[in-house]
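Scrolling down, you'll hit the structures one after another.
Common to both upcoming complexes is chain A, partnered first by chain B, then by chain C.
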Partner chain A sequence: MTIMTSPETITPRRSFLRDNPSVLWFMGLLGLFTLIVTLLSEGMGMGVISTNLVKILGMTLCLCLIAIAMDVVWGYCGILSLGHFAFFGLGGYAIGMWLMYARTEIVIRDSLGRGAIPPTEREVSEGVASQIFGVVGSSELPLIWSFAGSLPAQLALVVLVPGVLALVFGWLAFRSRVTGVYLSILTQAMTLALSLYLFQNDTGLRGNNGLSGLQNIPGALEVPQAVISVWFFWASALALGLGYLLFAWVVSGKFGSVIRAIRDNEARVRFLGYNVEGYKLFVFTLTAVVAGIAGALYYPQAGIINPAEIAPIASIYLAVWVAIGGRGRLYGAVIGAAFVSLLSSWLTGGGAPNVDLGLFRIVWTDWWLVLLGLGFVAVTLFFPKGIGGLFDYLVRKQP
Partner chain B sequence: MKACLMLRRLCAFALIWQLILSPVMAQDESDTPLQDVLQTVQSEVANPSRGTVPAVLQALMAADAPGTVDFLRTWSDREVYERPADGLFFYATAEGSSLTLIDIDTGAEVATVTSRDVSQIRPNAGVRREIGASLVAFELTHPDADRRMAALASAARSPDPDQLPAIRAARAEEEDSAIAARMDRLIALLVARYDQDSTTRVEAIGALRGDVSTPARSVLNQLLATRADFAETLPEDVNIARIKTPGEDISLSAAYAVLVGADLAPAAPGRNAIRDALRANVVDGQVGGVPVHQLDNDADRIAAYQALEDAGIVPPLVTEADVADAVSQYVFFDAYLEPDAAVTTAAEAARSSTSLRVSGYQFLSLSLDALSLASIFFLAAIGLAITFGVMRVINMAHGEFIMMGAYTGYVVQTIIPNYTASLAVALPLAFAVTFLAGVVMERLVIRHLYTRPLETLLATFGISIALQQLAKNIFGTQARPVTAPDWLAGAIQINDLVSVAAVRVGIFVMAALFLLLLLYILNRTRLGLEVRAVTQNPGMAASMGINPDRINMLTFGLGSGIAGVAGVAIGLVAQVTSEMGANYIVQSFMTVVVGGVGSVFGTLAGAALIGSLQKGIEWFNPANTLAAQTFMVLFIILFIQFRPKGIVALKGRAAGD
Partner chain C sequence: MTTLLEVSGVSVTFDGFRAINNLSIAIGEPELRAVIGPNGAGKTTFMDIVTGKTRPDEGKVLWGEKSIDLVRMSESQIAKAGIGRKFQKPTVFEDQSVRANLSMALKNKRGPFSVLAWKATEADNARIVALADEVGLTERLEHRAGDLSHGQKQWLEIGMLLAQDPRLLLVDEPAAGMTPAEREHTTDLLKRAAKTRAVVVIEHDMEFIRRLDCRVTVLHEGSVLAEGSLNHVTKNQQVIDVYLGR
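After this line comes the complex of A and B, so read on.
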């Protein structure tokens, strides 16, 4: 085969990894962190890190994953979505339905099986329904639980529900050219509608009780939580790694240039002949799917999901993390999410010592949000690049 | 109807006024203490009988001492006590076995005695009826029109055929046309319900046509009450309301259950009964020849059950054919409790003609609710209409300004106990506080972000989070009330179906005032002119000698200040919590966006649309306000798809694009 004079051969294409050294750095650090946590964990190693802390760290990795999704949609594409935590919650609900149904089914089959004659399928499903929905005064299995018994179906829903919702909503919003703050408010309204919907008892997701007992994994009920927590930590780390790789690849190259251009001047990109709506819709939907996957990994570690998790304020916090970590760079989002959420759980969990100022005593559980709010204002005003901006000083010397 | 009632109320007021002014009328109650009057008929009061009661009543009515009515009521309720030692009468409150005697005239506590020291007076049923009738008669002929009105209302609440003569007598002497009309209605009610003669009743029912008052409608409903029944053939002597065809008006299984209940058919064993029967008859791992492990489906279970049935161990299965067969032998119907067919036909006709008016009034009531909700939304959003609509600043802390206003109202009330005075102080104070907060926020944060709208949104989010937590730290998580003064506490009753809380009317008036004020400021003052100039073209405005920084600051302060005043008003109807602002913020933005950014009238239209929409959806599903909110937000999202610029879209240079 002769060498053709295609553009690729004229300018030798640099490899993706060489263009993005931060990906290798990130992968290495994530791998190292996973190894350390595993070796120190209660379930698999020396037991220095408690099971609870392993869970918190695993959950933090999931939050980092949704934060990079948020960073791509906001920091790179300029869509300040206040609905991504709703997609996160939907992913959690989709997996939570299977976890709850399958575990209850085991319990019900066990108790019905003790009778003189074996139960019929109908008796089992009625028993499961009254067990799950007794708390909202119902004993019928709602239609949306039709596939709750099947793990593959619910795993598909983890991807499909947020994906389809984002696709439909995004299509409606982008085609009518809703942009900027209007889009933010619209996504916030969507989140509000969803959380209000889930708060109702008769919508089939147990109202404000939410889904609970998600930490018990059917099929692994005998395995101690200490071990399960490490499994989920691994899964979260793997998802974060793959997500980082995926998004780093998406935002590099020509596609990345186009979406950054959309962020900076949407009209000009449109005049250049690009299908701006298509690009935006793709980014919005892809990040929503990743958010759903992150939620599906997060809630089995949290153990419970309820509509309050989906309330608009959660999506706002997501934006806060990304802004503090630094928009427009993936590692910035990871740093922001990890830093703020860990600091938040440390301060509000009562772990931090209260500061006595003589006249006034700072109780962190009371003052943390005040501090966060004001800190966020300060970051927006004075450090628009966030914590990630500090790295610019390190690499500035290079050409 | 409404105007007529208003007129009546005016008449009543005029009458009361006359009573107060006229010295002759004011002396209608004599000064003789009731105890003295009672002593003149001591033995008849102490030992009442049907024969003696009229004389006692006559004596009491003639003297008309203060408290006579209360005494009669208490007497009839068997709560008057006689002290045998001196023959005086007392009221009493019981505590265990001891009684505290209360003076009839002064209401003072006289002594504490055991129940043996006094004798309770127990009028029998006949006496009590007599007292009741004369009480009605006494009250209905009382010179005070208010008393007569109250007596009529209470008689209408508990209609009793014995009252009829008294009301008729009073009607003959009544001069006030409003009260006379009410009496006529009450008479019609009683006749329709209790008269012996069928034609008289039908006439009386005709008079109730279109009467939407609760007593009138409840009389019609009582006349039309039905009971469900069945028989082999349709009985002749029963006033049938309707015949129910099994399978259409009544389900087969329900009809069958009725037969089972009457022991006319064997009970059908359900799935649970079959299961229990099978469980009870397991023999050698088999039931009726079917191995136990196969019994995990309904078909095999029924087969096993039939085997048991053939052996005669269990009651037979009832098939669907059996059910249909059993049901087809009977007629199922609803029968009126009222035997007279002419009466029920007339009542049906009257009810259906009333129901149209009832739904008309219900619609009116719903519209008033929607209007009230719309005015709350408008109040919450109007500040935003300035900061977001005119200045295009996304202030996510707007809700927290509303909260600050509401807490200002609460704090002022804890300092000034008089609610009217505290409200008068709180409104301007709330404006001042939030005006100041807005100005500070504008100077410190928003000014630096005018070119970066998305970041304004974020920074104000930060402020909102901080303010919310700050309020929680200061006031706690418990909800605090802002209490309305007495003159705003009641409800304005138009008729039995339509009433509006006075405080909601107040809020509506306030919203209207703010609308006018804002329109005036924006369109008729120097400040408004400069505001519009700065928003349209800051550079050009500056070159005309306007200081854009100052104008932006003042405008933002104005919008925030209005949010604070709105907060006081909202605090009157909602609980004041640190999260109350967050509850309004999304809806407020929706109101402004739906209405059309940049237009005060747009905000008004948006609030009206959202308010009536929410009430409308709530009407379809009254139990679930959450569902109403969900659907409303969905509707708004769709609405913005089709009218991205809102209801009132600005055109030309003012649109800003």
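After this line comes the complex of A and C, so read on.
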């Protein structure tokens, strides 16, 4: 029985799935997990798992999705991007705009409709604008909200905004051959700049208030959250499954060979006739788009998005998850993201008992970051292959 | 034999140090050419200029029938135009199999989208096996390139060069660190390759050069000191003074 395959060889004339049994394993486990959560959920099953926990699990799946994107861009292609959470946040903002606009529109129409004369479109639009932007002292709908009433348009923006930003940023950075730590710093600067910009009240995205009430889905306002949480859990599981399949396919063939070669020695790849910058741009943009989709599924479950979400530290956590889980293997990224983010919400959510050491108490909400930092250092020093590396031992013991 | 590559009047300066000084070399097709010279003579810099790694301050590097100037092209464009290079230190992708290494070098479309859709055809696989055979790595096709011996890595890199099917091969110290038997095999490989294409070899080992049995260019302080058969250049008093005499 082999859990993992050797992705390093391109064996001729064999099917993708037979070559990558880890993909089948992953799909099976993900399907099983989805089934179990559904059967135990409050909304659809026995009610063992609370709605809140279903949401946390669904959000964790979204984090796993951005983690595999990060693994492809960093673990496979060698670009240590410390800005992928910006794309995640932009995806969230794009869908959040529709959620907030459409729900407010329903509320406004409802209240205006009670009057004797039916409201004009202008009145509705003004009502929505002052309702949403009253908090930042404005009553006009900013230009970027032009399509906020249209779900298809905002869904397109979920893909387009991160995609175009990544394309432009990547084109400028890779064309100038910015690599290594300089590129990481540049991506940090990008996410910091974006976050600071969004903190401004006049940027049209409600400044530090962010977008809220995203858990209420227009058109399904009567449906209880217990049920909606399961829907989103399913959507997140589906997105993670498809994303895993996509990336496993991308990294399995010759393309995977080339990007790993770029990671190991990009100059040599150039002399083989490959346009290294084009490949980096492709990988950077593709993973940014997937990060945007992950964000669009995450924030309706979180219920709120604000500029703090795309602070530089978030993207650094992402790199830590992937490093702890194991770079250069997709399931490693999933394990790292799930393990660290669930552990984090357990420890910081007050779920873990504090440890009394007599002289002082370890309060996990304060000490969690210390633990994470120590864990990261330990993994880097002693287990460079991360948790995923443990599977290598399993496979070697059972040939 | 027609001229394939013509380097004319090229100079390049690094921090005030003139690495290449008004260098002119012409390589024909097919031809086997050895480039020798003392350390710092500009041998590797010459290859850097031809492959686009270093841009010269002045001069022209003309390529092919249409006399395209390579100076203005990027590394990958030059490689696609038909110039392959083997580095001094064997640089293969150690994490990947010998097959994956050769497969990447195969003469196929290089764009991300075509590579994404690429599937090895019957012909590709046959070519990979033939190349592995040529460089004596048939048994090691599925092994990690990092597990190969030093000599085998050198051969793999030569195999990757041949897989690109270039018109000009630039080979930097192919025999470094090889056993005598491996050297002999390498000489055969290069001589065979030079029957249909241009091959330029940088080497220090005079015995190796002698076995190549080809025209020799001696570089010194960034320009050509002498050119001709090995016997001819080794009799040149200047060559003896700056290089052989040491």
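The criterion applied here is as follows: the second predicted complex is superposed on the first by the 384 of 399 C-alpha atoms of A that agree within 3 Å, B and C clash if a C-alpha of one lies under 4 Å from a C-alpha of the other, contacts with A are read in each partner's own complex, and residues count from 1 in each chain.
By our rule, a contact is a pair of C-beta atoms (placed from the backbone, for glycine too) under 8 Å apart; a residue touches a chain by one contact, two chains touch by 3 or more.
In this text, all values refer to a predicted model and were calculated from it rather than measured experimentally.
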item	value
First (chain B), second (chain C), both or neither touched by A:172	first
Partner chain in contact with A:257 - chain B first, chain C second, else both or neither	second
Partner chain in contact with A:265 - chain B first, chain C second, else both or neither	second
Superposed model, chain A: greater residue contact from chain B or chain C	B
Which of chain B and chain C A:275 touches, first, second, both or neither	second
Chain B versus chain C as contact partner of A:228, first or second or both or neither	neither
Touched partner set for A:97, first chain B, second chain C, both or neither	neither
A:211 touches, of chain B and chain C: first, second, both or neither?	neither
Set intersection of chain A contacts, chain C complex versus chain B complex	none
Parts of chain B lying in touch with chain A, wherever the complex brings them together	271, 275, 278-279, 282, 287, 292-293, 295-298, 301, 394, 445, 448-449, 453-455, 457-459, 461-470, 472-473, 582, 586, 589-590, 593, 624, 626-627, 629-630, 633-634, 636-638, 640-642, 644
Chain C residues touching chain A - in the complex, by the definition given at the top	51, 53, 74-76, 79-80, 84-85, 87, 91, 93-97, 99-100, 103-105, 110-112, 115-116, 118-120, 125, 142, 144, 160, 164
Chain B partner contacts - residues on chain A that touch it in the complex	80, 115-123, 169, 172-173, 176-178, 180-182, 184-186, 188-190, 192-193, 196-197, 199-200, 202, 312-313, 316, 319-320, 323, 366-377, 380-381, 384
Interfacial residue positions of chain A with respect to chain C in the complex	8-13, 250, 253-255, 257-258, 260-261, 264-265, 267-276, 278-279, 282
